[in-house]
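After this come two complexes, each holding subunit A, first together with subunit B and then together with subunit C.
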Partner chain A sequence: MSKIRRQFLSGLLIAGFFLAWQLICVGFGVSDIVLPSPSQIVATLVHDFTAIWPHAFQTLYTTMLGFVLAIVSGVALGVVVGSSRVAYDVANPLLVGFASIPKVAVVPIFVLWFGAGTVPAVLTAMVTAVFPIVVNVATGLATTEPELEDFMKTLHATRLDRLVNVGLPRTMPYFFASLKVAVTLAFVGAVISETVASNRGIGNLMMIASSNFDVPLVFAGLLILALLGVALYAVFSVIESRVTGWATRGIDLASL
Partner chain B sequence: MSNHAASSTPLVSLQDVLLAYGTGEKRQVILAETNLTINQGDFIALVGPSGCGKSTILKIVSGLVRVTSGAALVKGREVGAAPIRIGMAFQNPTLLPWLTIRDNVMMPLKIVPPFRQQFQKERHRGFRDRVEALLSQVGLAGQGDKHPWQLSGGMLQRASLCRALVHEPELLMLDEPFGALDQFTREELWAIMQDLWMTRRPTVLLVTHDLKEAGYLADRICVMRAKPGRIVEQRDIGFARPRTVETTFSPEFTTLTHDLRAAIVAVRNASKEAA
Partner chain C sequence: MSRDYAFSAASPVGRAIQRRSRMLAVLTAGIASCALALIVSPTSRAEPQTKIRMVLNWKYEGPQGMFFLAADRGYFGAAGLDVSFDQGNGSGAAVPLVANGSYDIAFGDINALVTLAAKKPDEAPVAVAMLYNEPPFVIVVKADSPVHAPKDLEGKTIGAPANDGALKLFPAFCKIAQMDCPAVKFSNMQPNLREPMLMQGQIDGAFGYINTIRFAAKNMGIDPDTRLRFIRYSDYGMNLYSNCIIVSRKLIKEHPEAVRGFLTALFKGINDSIRDPDAAVQAVAKREPLIKVPLEKEKLLATMGREMSDPEIGSIGLGAVDTKRLEKAIGILVDAEQLPFTPKAGQIFDASFLPPLADRPKSMR
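Moving on, here comes the complex of A and B:
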């Protein structure tokens, strides 16, 4: 199927989803306390834009800061863990253990340490996003072909030579695949933390709106989150295809 | 036996090499009582049944594997002690998919001294010319800007040979480099390999399953047996160079491959009985 045709159908599906939602709300006379219609949500978004905007910015800010920290620490940790088969096997159980902790559970600890506000949101975003990065970078490094390792060793390449010339470039497709997942996870982490312990951010906005029974505003927050999430995912997809086109060659040109 | 009169120290010398993994019940002897002398400029082929430790000899000589006992000497010193440039090519070309063919071939120059120190200065000048010259010698002129996935298996293997030779190695290790190619491509690459060897004269250690290939390329063929692996026969090959595919149809050549085949069948049966 051609790219344009697929994009057209995707657009049609999205439009159809909102249209069906609108029709159900109007047709069955659903109360806006239960489920506001898309038109109401958009109206709220426009009307309260100046009130919503600082919260959206705050969430984007904490997410991106947490995400950047996750990339830095994730790559560093991934390089260590992936440096050898042994390191990979030894570290794996601990990594899986940390990765399986529900990240909402760490928010109270961060609040205890740093107080409510921006810092716990950034840190929660970071710890939520870091594990896919660590695991993918480590896997990419640990699965380098043995012949390639031998080839580099017979050239007396140092560990750093091997990492820079073979290991890291080879890991890039894994790394960028993880970034797409990680950026949406960072978002989840930031919003969770804002919901629990902050006076700013979309999470906080939705918390307050729901306690005021301002359901259209809750949904407006949700819509903002979805839009930001899609935008971030799209940005990293484009970067991925630019940087690691060699890994997918012609295939992803068609599927983008 | 080899009649190479080693007037000076041989380039490589394996003396009574034993290589084993594990201990006790699980002890596995890969190589035993292995003796091999390689002189400067030799072209040696290792042939033998699967699992006879052909590739292991390559790994010992290039310092990737340490011997359990015995001596592995390069230039009269223990492997790794004497500085020596090594080139390597495998059955799988292992070119880096994110680099162009030119950058792939240039990789050793980026890493191996003394080229390493000049790399930033020379990569767009002298080194580039050097790579182009190599590429055209193997019939890849003008392909330097392509990526590996744009080339056929035979062309990738040519590029892999260039990468193995670009840093002027004293020792060239070839681990079944033509094993995955079709017959005609393989014969083409034999000619290219012979040409590269005759113009540059590296010392070559070739591992192969193909007796014709061994006879075409090598000065000396070492027949190996398995369980445990060892060299059971060495044979000097005197056919005039440059050899051609026609050479391989001469009666002398046919006798050679016939004898080699018989020798390998005999050692296969012997190791089956031993197991």
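Moving on, here comes the complex of A and C:
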């Protein structure tokens, strides 16, 4: 099945989902404070677009900033943790401990330390997104084929040489896989922070909309989040295929 | 190796497979019998009770002891009701939860109800008993703040939890107090962050209910009488009603006797709480052992003595409303929020389910 055909079917599935939703709302006469219909949501989105856009931009901005920080710190931590078996075993329990803390519990603390608004949103996005990156980079480094490592050692390559020329490129598929997960998590973190304390952002928009009983606007916010999430996922998929196309060459050939 | 041999008890693989299938059979039988036992086990009450889901105004606190005492002393049960309570997230937030069917009854703010009734008259629920008849809406500032009168708030940042009643009434307040409304900045946060952010100086003031703020400050170890100052909306002629019992239209239509029974039981609980506030707070502590009992008792007494003690209850009793006062309050709201139409008092409040005057307290002491 060709790529175009798969994308077409994907679009068909999404259209089918919204059509079913619309039919259920109209057919069962569902009130719009319980579940607005897609037509209502899109109408609200179009009508209030100029008011919604600054919020969407804020969420996108804090997500991307938090995400970039997560990549930098995630790769750095991943390299440290994955560099040796000892480091991996010693650091793992602490990492898992931190990752297990629900980030929504940490947001009020960030707000009290740094004030409401952008800073806690960026920090929450970073903290939520960093763990999958650390784990994947560490795993990728730890599972580099020993034959390649040994070969480099015979050429008297330093540890840094081996890391830069073998370890990191070899880790790229794992790293990009984690990026796709991490970007959606960064989104979640930023929006959660906005619902707790912020004056801008989709999370804030949704809180205010629900307090005004404007449920279609809440769902319009959700729709924007979904669209932004898909867009970011798509961007990173494209980057991934350019950088690590060599890793999936077997799969690509087989699927033609 | 033949398939028959491999799966028979003669081969190690076969024995392992048989062991596994036996374990699976035992496990399935166990789960099935547990499920069966749960389904056919007798329920604790023989007669069918109307299930009522109620959402409260806030997290567990002393004033809610009135509800819990009525539950624990079996008053709801005697009225044929099985009432479950969920903690709430603000008096304003409780109202849409009844409107969208998540709950049958709420303890919420009548002003949020008026706003919803003006926007969605067919879906808005109905208030049936008024409990907080003195307006609790305030803007709190630190005692050493340069803000003394409402006009001083211009240019300042006020903490504004999204569903807060005082925030929603601010358009009316700033008009009555002749402030420059757009000059006041808001900072949105969850209600539990309001007092910490105020004390840290991240906001200059905050919206809220007076007792919620006072006792949250006490819980933080801050004495509200010396460290905080309140700008009360009631000082500026905003004689609004506040929290009341709100029920869904569906419940009124399908089980009117349940609404009547609920209120009868509740007022018994309220009368008991006036006589024995310790028992009321104990009923709360049973549900949340982490509360500070002396503080919550103080809060219960403060609420009964202030929020629930408008002089009008001396003649009409707790629970009823003065129609003229309600109409004036509705007018203030419609004007402040530019609502599409003015709901009638009768649309908002239905007094027909209240117990007779003799069963309702005329004084909360």
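FYI, the second predicted complex is superposed on the first by the 250 of 256 C-alpha atoms of A that agree within 3 Å, B and C clash if a C-alpha of one lies under 4 Å from a C-alpha of the other, contacts with A are read in each partner's own complex, and residues count from 1 in each chain.
Simple rule for what comes next: contacts are C-beta pairs under 8 Å (C-beta built on N, C-alpha and C of every residue); 3 or more make two chains touch, one makes a residue touch a chain.
Small disclaimer: the values here were computed from a predicted structure and weren't measured.
S.K.: Fit or clash for subunit B plus subunit C once both are placed on subunit A?
M.R.: On the shared subunit A, the partners fit.
S.K.: Once the structures are superposed on A, label A:A197 by its partner contacts, choosing first (subunit B), second (subunit C), both or neither.
M.R.: The second partner, subunit C, only.
S.K.: I'd like to know which partner A:V34 touches here: subunit B for first, subunit C for second, both or neither.
M.R.: A:V34 sits against subunit C, while subunit B stays out of touch.
S.K.: For A:L148 in the superposed arrangement: first (subunit B), second (subunit C), both or neither?
M.R.: It touches subunit B, and subunit C stays clear.
S.K.: For A:P169, using the defined touch cut-off, is the partner it touches subunit B, subunit C, both, or neither? Pick first, second, both or neither.
M.R.: Touch partner of A:P169: subunit B, not subunit C.
S.K.: Just checking: does A:D89 make contact with subunit B only, subunit C only, both, or neither of them? Give me first, second, both or neither.
M.R.: A:D89: touches no partner chain.
S.K.: For the superposed model, what is the least distance in angstrom between any CA atom of subunit B and any CA atom of subunit C?
M.R.: Least C-alpha distance: 29 Å.
S.K.: Taking the touch rule as given, give the residues of subunit B at its contact with subunit A in the complex, in rising order.
M.R.: Touch residues, subunit B against subunit A: 59, 62-64, 86-88, 90, 92, 94, 96-98, 107-108, 110-112, 147, 149, 167, 173.
S.K.: Any idea which subunit A residues touch subunit C in the complex?
M.R.: 31, 33-34, 108, 111-112, 115-116, 195-199, 204, 207-208, 210-211, 213, 215
S.K.: For the complex, which residues does subunit C have touching subunit A?
M.R.: Its residues touching subunit A are 92-93, 96, 99-101, 115-116, 119-120, 123, 162-163, 168, 186-190, 192-193, 196-197, 200, 202.
S.K.: Can you list the residues on subunit A that touch subunit B in the complex?
M.R.: Listed in rising order, the residues are 145, 147-148, 150-157, 161, 165-166, 169-170, 172, 244, 246-247, 249.
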